[in-house]
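We call the chains A, B, C and D, going by the order they appear; numbering starts again at 1 in every chain.
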């Protein structure tokens, strides 16, 4: 399974060196994961007026930065499921501009719910189901 | 002249009250202005490897917040040129979700260049030219 | 009444033009208001594990930007209460670096609670009480 | 060598789940590194009016998130130099609130200058000198 999303580098992403300020990449990665879960129908926002109920929660992330990105660059975020169990998904992400790889990331994502248990909640069964079909595909 | 752009409310835009953290609206407004200037061909990013050369610079902003926005809301940003002279553009912005107006903003934008003069640089002549045609239309 | 807080301009506050990206000022202003309310004992964070309960909510803001701020500038934020009624506080803010005024802001702040009523909640009575003493002083 | 800095969790750091939105930690880590380099006298901001000249640049980062942080938490950032060569510093960071470790991070930092060479610039000699004394201490 892979998921792709696009994003252009905006003025607000860049620092005085004229390149993407690296913490902004984590906002972009988080948004890419959010878009992927929403599109796969395995997560939804709280209904109007309700407080936050449950969602993905980062457990570990590792990023190698290969080349800087500049104002106006078109970035492609490509996410891949590497594996999962009841409490964790392993996702890899590559960010390209054209043929040039800008960074490579590895995320371990858990789940959080209203009842916060030690070590996080279990992944929702619908999500596990979809992940299983993905891995088999 | 008017310019419209869309943006959905993401997790990273929202605060612990579950609504858009208001400083995020200023990032969104800034991005909308950036998109408008780029699309109108009156601004461009520095060419690869160069430092920032020139661009819009805020002089004054006024915002009335009517209703909060929530996770997943689809926001429409509508910008209108209200007037301009050699050193300032006056722009109004309305942000809607469906028929509900979320906020209304008024921006005075100047210009900044490499030679920073007191009171800011003049608007580029191409920009003034396009603004004049817009006002006459 | 006035409240002062300090903040130095960090790398993450600045844009490719090497000056504070203006939406960052709104985060700084919001933090200054937060610090003022907390220090005055008129607001508190939710107790551990609880969701957000109530707090200030922006209704209107107006900012005039006088001079840009640069990396390493020491900024003084000075807040003053201009007036209040049951649903709104009016606060002015000046931001200085040395003797140079960088911006001047006017904020109308309402209140939001769990029961969101049209037009916002009333200001908490303790807050109104403290504001009244302030105005008389 | 170790460097400590404090930061309290503010409203703007938190997400609708009421905990620190994880990309904010990277801004905090970046600020801690910035403060450490400035305080050690091994980096300085550009002089007034000049463009960005040179500074640290992230090459790799790895973070394990142990426990979430909440509004008002007092966070201690503790940085340690693990090693360095001509082009890279290896730094570890621990973030605590009281006795509870919130996260642990490992950063490889390079350097960037005006003349951008493949693989980044060399660490400035003053910085290498200070790092060497640190390691020996």
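Quick note on the criterion: a residue touches a chain if its C-beta (ideal position, glycine included) is under 8 Å from a C-beta of that chain, and two chains touch if they have at least 3 such contacts.
Fair warning: this is a prediction, and the values are worked out from it, not measured in the lab.
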Would you mind telling me which chain pair, A-C or A-D, is linked by more contacting C-beta pairs? A-D
Chain whose mean Cα position lies farthest from chain A: C
Rounded to the nearest Å, the gap separating the Cα centres of chain A and chain B is 28
Cα-centroid distance, chain A relative to chain C, in whole angstrom: 33
Can you compute the centre-to-centre distance for chain A and chain D, using the mean CA position of each chain? Integer Å is fine. 23
Can you pull out the residues of chain B that are in contact with at least two other chains? 11-12, 15-16, 18, 21, 23, 27, 30, 46, 49, 51-52, 55, 71
Within their complex, chain D touches chain A through residues 15-18, 21-24, 26-27, 30, 46, 51-52, 55, 57-65, 68, 112
Could you list, by residue number, the parts of chain A that touch chain C in their complex? 11-12, 14-16, 18, 21, 23, 49, 51-52, 71, 116
Inside the complex, what are the residues of chain A that reach chain B? 10-12, 18, 27, 30-31, 34, 45-46, 48-52, 55, 70-72
